[in-house]
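Would you mind keeping the following structure in view while I ask a few things?
Order as written gives the chain letters A, B, C and D; numbering starts at 1 within each chain.
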């Protein structure tokens, strides 16, 4: 079933290399944007001081006068590689440390919401792939999927809060550092639901999965499976479900992260999104750059995992 | 709404003090139950927690819990002993000597013994505050001090450059420990101390969570006696609507500053107390006099007549505030009640504009010498504070009616500050000042304060005003000074470098269970060590 | 008297073209018999409905409306039943002068009953092998595992090890070299011929009483084809399994089948003993069969390089089936005597010799 | 019960069939609805352009703040400044129209270029392009936009440019795949064999005949995304700024009163967004099914 681990390892290494390459590209783009920005943001960034005129002046002197963009880029890149993302202009805290905790929170949120998305989308997709589109149940479900993902996420969040307050009489404030115990997970449930439903991925997952499934269901080998009285699902699972799901999830991570920014605002979720917003307000470049890098890393990680699943499931490139 | 704070020493408060003078610490605590936690919500997240580098209200409030000054100012504006138990001033009023308490210790860092508080710390604080590399809004306010010296471990002497009225009160600035900051010379935001400060105050910083949620615990060794409430927790919120909901759902016990639109909602709720306090602040439209269109004071006056303050205050802040006429907060003794706020009188506005040589163009926009009266109004972006939006939109609307085209431009907070204070790229701003000395407006209108990152961003320069300001600074006699300030008020009102709008009544909302709450108008938490929560209400 | 293992009667399988908004009469009233230990070949051009017939027997028709009538009697040692038992309840057919105008079908009900009827037959009693073997094997599972699955599903060997052994045995049976090695390889690593062998192994591994071979050699190159045919011939003689062999390749049919049914346009036009039906020289011959045979090069023809006649005209349009003989449009043996009949009336399948039926007015014995 | 029925006993020419019989009803409904929405959007764009509105969308009415629907002559009520919601809804389209088109045209043109090159040339260029698309895909759109905002200023056009660029990979890969598919079908060789010039093959035979469905769909989806994105940014305070109306900042400012039970001011624009985006997506779906005629297979 599984391919020899050696191959997998090699594959992973190769992929890791590509990931590194892409992240390097990301860092360059980020730098470019910042470099193009009006005012001398970079000195600010490297120093982590208040962006006052004289502070900048001092820094420029400290950096030994005019230093070309490449100089700045590499000095920054080296810092980043050595785990030093600079210190927040606003709080003066080292960004790296903050990012760690905060990005974990965002990770929980994202993973949770993915789970929700799948739990909703997969059954609908499978059902309508088997029963066809016009069936009385699958059609409205699909519609519902569309409708929800066509609503503004934060407004959906407000609705969710309003309902949980006036309907269930509890306040879904996701403040992770609440005194432990007292069903914390319940509080985190609502934001996760909102992101999972609202991030606009559901309808796409449904659409994509439905097509894949019905395509695979028409495959000859599935027919063979039926002909020999074996379970169709068992045979269709890998190509019809596992692969597309991992694929689409990996592809959707950026969108979900985007949605997380909003949901974190609404539900006071101490994640990267909130931090990014604050940073944008304060032009706190070290922070926001760090966040972009970490977010990109998440995305690449997702596709890495997808790639691994793909190779593990699909040995010797049986299909491509 | 975000506030630029001009913090000038001598806090002056009117409301808020809802109880008598504080008795001696010991007897007091006997009466009150200890224990319980008070979670209070703030809109936004505190940056630094030390009293020196911090420059926004959230941090200020927190440092009020963590630190003490040499002296404090009680609700009756008397200077009261804090870290200094007594003091004396020289005849010429240029030398002040403080005799410090001997029973004060700094919060102990874990693993370390509590270090006693001594004169060294005071001198250290002054020096680090004044160091050129230290970035702090305080610096400008202590230029009058010449030097600070340690006499002995428990005696400090301050020498002033010149005698100053009410100088004593200015020594309420917070003292930080010498063993606090890593860098003994100057304090920047890179110093770990600004995030992990230790002080002498009633509460000690326990920890800061990922979300900058700040947990403070009672200081057992507080020299006024252990505070009643065990824990203060600052919960930062990113969404004001949610903040209000959080209160009504007991996720928090107190909101420091209630959003105007939520007041009605909380008023209706029996569980909460809505307490007004006057934060010696006012809102205004400030003009950039570098723009030739705005040079003529008649134009600026016209704007004053063109807008209907009453209506705005009524429909946007459901009347919670007072309309003002001049540069002093109405709470202040310097405020000149004889000067009437400008009335709403569009005709007069148009008349004034015509006087100033502007004629209505075909497009209805006033113009002079082919130059249209078109101005940009710079406003900092704030997610939900549509109170700001409302005011500026209304302003735009009013001015349209008198033929002035105003372009509203929203900018995120930092770049707004840069545009207004550093680059001076604006015609009009909508903002508000917060004072703790409503009598000192020197930094706002004195021509010496023109320049990048200085407070006279509108470049208002008027020798008469300058001299009045200087006089008022130098005069020691309270009555004389009062009359000077009244003049100043009248003059600036007619000169209209700003269009003065109103001071809003701030509201704090808190759960009934919190008792004996007194709120200091500007510092807010000054009396927090005396608040308490009955044992019955202490669960969770 | 041994009753036939499989007895298809008047089977009708229609499809529906949404865009053309009308029925495709893929199988239109087919009747066939497969006796015990007998191989029946079904031959015809592509689109003649032979594969659909096979699929209908297997109950593999998934697009609507699918099978709408007829009966399929299956009688093996273990099972005797009509594979379409009770299904007529799920279908309502509205006809208008012999032409189906509307079909309303309770898909769910049909599916349910069909699945129930087929549950203990698919793979166990009736096994099937398909054309294009590569695509018919699951690319994500090793060949061995796929065979093992069949074994465990349908035979007494339940334990994995036994089943694996059995699978290897079958791989040997179908002459795959170094079977133990192949056992663990994925279909993508096997040649088309090997895949087909594996398919056959998989089909036989459950020891069914009927094997349906749907174009088993199509898509393989000539040498492989003959090898596969050899294999099937051999297995047939060894196991004596009864087979329904579908192919458009007359040579394959002639080598393997005892009886042959010639299909055209969804109907059987000639049905009888192989040697009679496929005998070029036979006196009574259906024009279509004749044409088919003529289109295949015989050894003789190859020697004297005679040129072959392809059948003129196009395959019957199964949507607008003409009222008369289905082959009329292309028939080159229409005599003035019968022309009028051919054009207007559908000939019946009639016995022209014992066990030899034909659907042609020329040989119609006046009733 | 599922019913299949044949209209007449013999159909000679299927192309004579009326179109509503050729395709599935669902798709036709989808497309119909989608087109209706598109028409409405265009209409309101024109209305807004010439200011043919029930009220001046900027006109503040202090004695009529947050009026419920159908008070006085405010059909949809008023917002927090007493401005007519209906007029602002119609006007709101202006905020999206050109920026949205900008975003779409960027992602389409970029996507087409890269896609064609990748699919048609293949080889190293293709791998390079793949890396590029992966690179772009690595950025979470909203976060990237926050960075851009911080670096420059919250301007809808900046935002839309970013959106356009981040939209390129989707289009590119779709087109590249299409071309590969065609190549498999030896379609391209055939065209070359016919002696057609490359330009003709690409533009006419590949893009026009085979990719138009795909492109139309991408365009409609793009418009929808533009609207949602602006809405999210408005919530963060970085969207289209007052006094200019946009559906986003309308929902945002209205939502300030949502939790106090005053739903209407935010619900009205939210519904507008919902129906519009739904329209775009369904249009995409329907067209996809019809032009590729999926359902028949």
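Everything that follows uses one rule, which is that contacts are C-beta pairs under 8 Å (C-beta built on N, C-alpha and C of every residue); 3 or more make two chains touch, one makes a residue touch a chain.
All values reported here derive from a predicted model rather than from experimental measurement.
Engineer: Which two chains have the most contacts between them?
Structural biologist: Counting C-beta pairs in contact for each chain pair, the top pair is A-D.
Engineer: Per-chain Cα mean versus the mean over all protein Cα atoms: which chain has them closest together?
Structural biologist: Answer by centroid distance: A.
Engineer: State, to the nearest whole Å, the distance from the C-alpha centre of chain A to the C-alpha centre of chain D.
Structural biologist: It comes to 23 Å between the two C-alpha centres.
Engineer: Where the CA atoms of chain C average out and where those of chain D average out, how many Å apart are those spots?
Structural biologist: Taking the mean C-alpha position of each chain, the two centres sit 50 Å apart.
Engineer: So the centre of each chain is just the mean of its C-alpha atoms; given that, what is the distance between chain B and chain D in Å?
Structural biologist: 48
Engineer: For chain A, what residues touch not just one other chain but two or more?
Structural biologist: Expected reply: 158, 161, 165, 265, 277, 280, 283-284.
Engineer: Indicate the residues of chain D shared as contacts by at least two other chains.
Structural biologist: Correct list: 24, 149-150, 235-236, 238, 255, 258-259, 295.
Engineer: What parts of chain C, by residue number, touch at least two of the other chains?
Structural biologist: Residues of chain C never touch two or more of the other chains.
Engineer: Mind giving me all the chain pairs that touch?
Structural biologist: A-B, A-C, A-D, B-D, C-D
Engineer: Using the touch definition from the top, list the residues of chain D that touch chain B in their complex.
Structural biologist: 58, 60, 62, 65, 80-81, 149-150, 153-154, 235-238, 241-243, 253, 255-260
Engineer: Touching residues of chain C toward chain D in the complex: what are they?
Structural biologist: 16-23, 64-65, 94, 96-97, 99-107, 319-320
Engineer: Using the touch definition from the top, list the residues of chain D that touch chain A in their complex.
Structural biologist: That would be residues 24, 26, 131, 134-135, 137-144, 146-152, 224, 228, 231-232, 235-236, 238, 248, 251-252, 255, 258-259, 266, 270, 273-274, 277-278, 281-282, 285, 295 of chain D.
Engineer: Which residues of chain A touch chain C once you look at their complex with the stated criterion?
Structural biologist: 1, 219-221, 223-230, 235, 238-239, 313-319
Engineer: Going by the contact rule at the top, pick out the chain B residues touching chain A in the complex.
Structural biologist: 45, 47-48, 53, 135, 188-191, 194-195, 209-213, 235, 237-239, 241-242, 245-246, 249, 251, 381, 383, 412-415, 418, 422, 452-453, 540
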